[in-house]
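What follows is a set of notes on a single structure, which appears directly below.
Labels run A, B, C, D, E and F following the written order; every chain starts at residue 1.
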């Protein structure tokens, strides 16, 4: 069968959009830390692109999308070094060249560990991040991606749960890993005692804008074609984001008294996270329901860290973990087979598909357990060997000067 | 020779500067400070967490001035910076022992 | 007929680009206000996405693109809740799924009210904006969109005027509404007495860059296909923007003595506005003429507010209203039937089409009158009920702290 | 033959992406200068869009892509004013309308002179830039573009060297021109004596992110179709950027002791530059090798200016010249005919194509010589007539206030 | 009437402010300064070029205070701002000749 | 014990600091101020509207210094900060009644 240029154009653009999300995320997070740590935050995000890209080319793509190996734990090595991925054949089930699919998926592998940087902000060493990120990508991301995204992965093929664009693989996976990291790393100095305020909310809002923009590639690009499913996913993505921003702001206005820009941005991201697993499977009105639930749930979830005393600094757990779980479960409620008959075998709970709902729950629990346990072990390992945490001195003076010997802003010259 | 230091509300700065100019002051220096005082600070909210911020932004004016003008300068600042609401700020007068204009090396009175 | 994946890919990308314009606009405007009000500005823009998206899904799309109802004032309710807009059919006259067209148009509905925020900057309450924006979207935007964009709307179908991508619907509409708002709202404290300077021109230039980038989706996407008209519109858009920036800078250099970055950015936006109604109907050289005229005209127009004492704070009237009128009228001069035979019945004045010129004038006057009157009434209504304006205290201390309890920048921690 | 909508969609998007690179470059550079000069930097970049676009429409496109004239020095005037470029025919050898190709190439012409602004930062007059940029575009850019990009240009057609997306035309050309400019202009006051630190690295990192994103359009768009070559180029681009950032950081860690964000951003750009000539001709692993070499080579190259005392302020020579040469030569090593049989006649050195390697070297030398000599003459000419350099007073107080009468930041109001 | 000026480590600011509040100080003003002293500065690196930056960020506190409270204020600052490491900073006491509260025009002692 | 305050042109700061170091000064504090004086401000233009900005950026140096070094310090600043053009700024000398090093509690002379 021939390459379809329209589909290929759309997936190429989507891959570029997903890549753009990582700098967007860097700014989103960077604006939320104190001025002395902003470069440390940007650096961890930018460098994650380097780490994961190199891994992906050498072994990542093949471990994620090679045929089942090791009893289905991971893919085989057929595509190692991408030697056989040169656009000469279509990616199975699509009309796009394999290399285009590979590039699109590479960007997912990049942004997922980057999400974790929000939880370990303002205190983790850069060197520790480099090592942790390498290990985590290989030992946590690739297996989960294989299970849920590869056509023979057990979550997709055997269990029959669905993850349209990464609710399980990206958000739950990174969100629960963030929690495990925070347990090992401990809180920032002054957590819960001092005001630790965002230093530049214009960066955060810009980052949120870039994320929203890029998320169209993330979700609608996951249709792997410029077709009606892409249109469905595109619409669901936007509607969920907008609605979630609305409910977050409403909650904030009601409970705290003032609507904040950080709330609006956080709500939008919560909606984007929650719709990710469901985008190509639900109607616009269902997307609105998912967005509304995500905005409210994540609004409450971000305050748990003060109650339970874990320093999830920029709310990766509160937004990505909670939003990801919510979206994956609500997909089990709102999925409509008529919307995506190719990928859905049955509809969700609301349309009579109780079994599908159960499968979604099982998939969520499996990813939670696997990711938490392996991440916790990896984080301890890195901590025991090279140490996870920057020195107290570095934390007080700021990571920028101490780890990177740079200052973000010099306005007086 | 005296140094008059005033902490005032930032939006009054231009008015005060113009009034001082009008009474013959030829120079002054301004910096941005954060003031703590009777005037309450404000609350900031970030993702549901509230922070009390005690400090309010103020402008600090430093004016080097001849002894015979001190009264005028203090009165002028007092009059133009006043809104009558809490937080209008303070004026202090400090003795100066020596004064130099860098450009010319002039000293004391001539340096102004 | 089959979906065309190439066309669909292009319109999906264009929809994403147009969405990206709203954060771009937020930054463009945000950089121009004082530091104490930047979050207030960003918030009004971001939240407009939420407000309009929810309206659009529920009733907006159907009121704009449903069949004529109420004697053609507005569309009917066939598509309410988007229940029947699920990509199962093509949008009439195109080869893209209806849901993709719906999503593309949704982004236009979002950005149009957002344009108005520039005029009411630094003094309107957030709550008042939320209410006003809801009312305005439904009672002003949707009717005008129906008239000029729907295939049976009276401006398009009966009058026969043309608006390629929103000169009437977006720019004139928002521009004259901005004027009406400013009349009701009154000027900022210190207007014409104090220097009210932009606080961060790097944000403004970044915003201008994003707007320029996104405008390719806005204008060239309005071809609704990846065809030669898209190429024509793309080229016209870029050429007009570049030329208008050039004439603005030339005027400024000549009349004020110094070329400014704010001038370059403003000129570019003026050119983008003016070419919007004409982009798919004119040659590159005509686009250059339109851009040149827009740069010069808007340069003069932005100083009128000081002369006539209305505080159009960030020049929505001077740029969008004046640019929009100019472009819509100049389309009546430069339209070439041979460029777009499907949509143009005759050419413009320069090519012998005096009638078409007249139609453009009528359309402009109709939108001006309708939008001004209804907006004025709505603004008064909101003012009399919940009040449009922030307290004097809030205006002095800044909207960020008083309305949102946030500070944009904390560089000292 | 019919227009291919998929290919057209992709090239339209790519054109938009390349346009977006110029604001991205402005921010990348703008963050690196001192706060008093940031607007001067943004202005030179933004206004380059205006200057080049007007030239391009009137005579640029035709001089670059018209048939050989003046013995092949430049193209003929067939397309002057774009009168005959209206999308009625396909661009030869592609399935996209001629006007779409024209628009895509316009963005290349825009960004190339903009690259030079990094070398002449913080001291060149704006008026001098306007004049220089006009002359340089016409007398240097257009000839070189004709030679290497036009189907009958001597470098492409007669010599048989290859430049996939602008290693010769864009990077070597601008890089050597930057060096010539710096020779004429002289160093900034305080160069090598004072710390001249970047004033806002968040801008620089944002700019780097935009550049990376836009570069997908630059390189993968140069396939002029949404096909497997686009996928190859896309992948190579990303892999080279990520790897180069990695080697730069590794060098920095090893030689200087600390990994910096500016290093990561610079490395990424070095990789993007080096892969530009090669993107559509090499495998992912070869792209990794090119990226690794570029990161290391450019890391060393940027320190040469202190050794040899030329003030290449933001390292245009160190990154674009060195990276461009490296990439063009390494293409001569790693090109694989099987990857791009349509454009490659033989493979590179590693696959037995010694002749091709030689051709690449000749092409590099030719562009170096031509661009250096003509640029040097032009810069001298402008210097002798209107003067290149801002007054000492302007340099001390900053270009923003003195040339543009604006301040970038006012945080205290 | 005195003006107490203290240059301290920025992260100690909140603690010092709270302690002064506790001993009855009703107002003070803070500005950000760059200090040069025994405490070494730091290196910054940009594209391989290293820059020695001599200055370290400090917070400057200005407190106008009655004569009888000066001792307490100085002691309080000394105690709370101390970390025992180089760079803790200095406290200076300057004479003030006159003091006005702008809002009311009160003078001297009453202005505090 | 004196406090020497100097308002100088920002680009002279490094030179002045190095010169003071050379004459044995072990510490000083710098802040950014906006100065108003004989030196004209500048115009700013935004969308055709012109704003006169009276203020020019200056650096303020505060040096606490022993009585016997005051002359040297003032001379050094005067010499190195001078360009001979309007706007070079002022130096003022104020009496200091007490001085403490926070780290050690040392007083007076020993605190420097």
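One rule holds in what follows: a residue touches a chain if its C-beta (ideal position, glycine included) is under 8 Å from a C-beta of that chain, and two chains touch if they have at least 3 such contacts.
What you see is a predicted model, and the numbers here were worked out from it, not measured in a lab.
Between the contact lists of chain C and chain E, the overlap consists of A, B, D, F.
The best fit of Cα atoms from chain B onto chain E calls for a rotation angle of 120°, in steps of 5.
Comparing the residue numbers each copy contributes, chain B and chain F share less than half of them at their mutual interface.
In terms of C-beta pairs in contact, the better-connected of the chain pairs C-D and A-E is C-D. Centre-to-centre, using mean CA coordinates, chain A is 51 Å away from chain F. Centre-to-centre spacing of chain E and chain F amounts to 17 Å, using the average Cα coordinate of each chain. Across the assembly, chain D contributes residues 4-7, 9-10, 13, 197-198, 200, 206, 226, 257-258, 260, 262, 404-407, 409, 411-413 that each touch 2 or more other chains. Residue positions 31-32, 44-46, 50, 94-95 of chain B each touch two or more of the other chains. Residues 4-7, 9-10, 13, 17, 34-36, 197-202, 205-206, 208-210, 212-213, 216-217, 220, 225-232, 234-235, 238-239, 241-243, 245-246, 249, 257-262, 264-265, 268, 283-285, 288, 339, 409, 411 of chain D are the ones that touch chain A when the two sit in their complex.
Residues 44-53 of chain B are the ones touching chain A in the complex.
Contact residues on chain C toward chain A in their complex (touch as defined above): 3-10, 12-13, 15-16, 19-20, 22-24, 26-27, 30, 38-39, 42-43, 46-47, 49-51, 53-54, 57, 81-83, 85-88, 96-97, 99-100, 102-103, 106, 126, 200, 203, 206, 226, 403-413. Contact residues on chain A toward chain E in their complex (touch as defined above): 194, 396, 401, 404-407. The touching residues of chain F, counted against chain D in their complex, run 11, 14, 42-46, 50.
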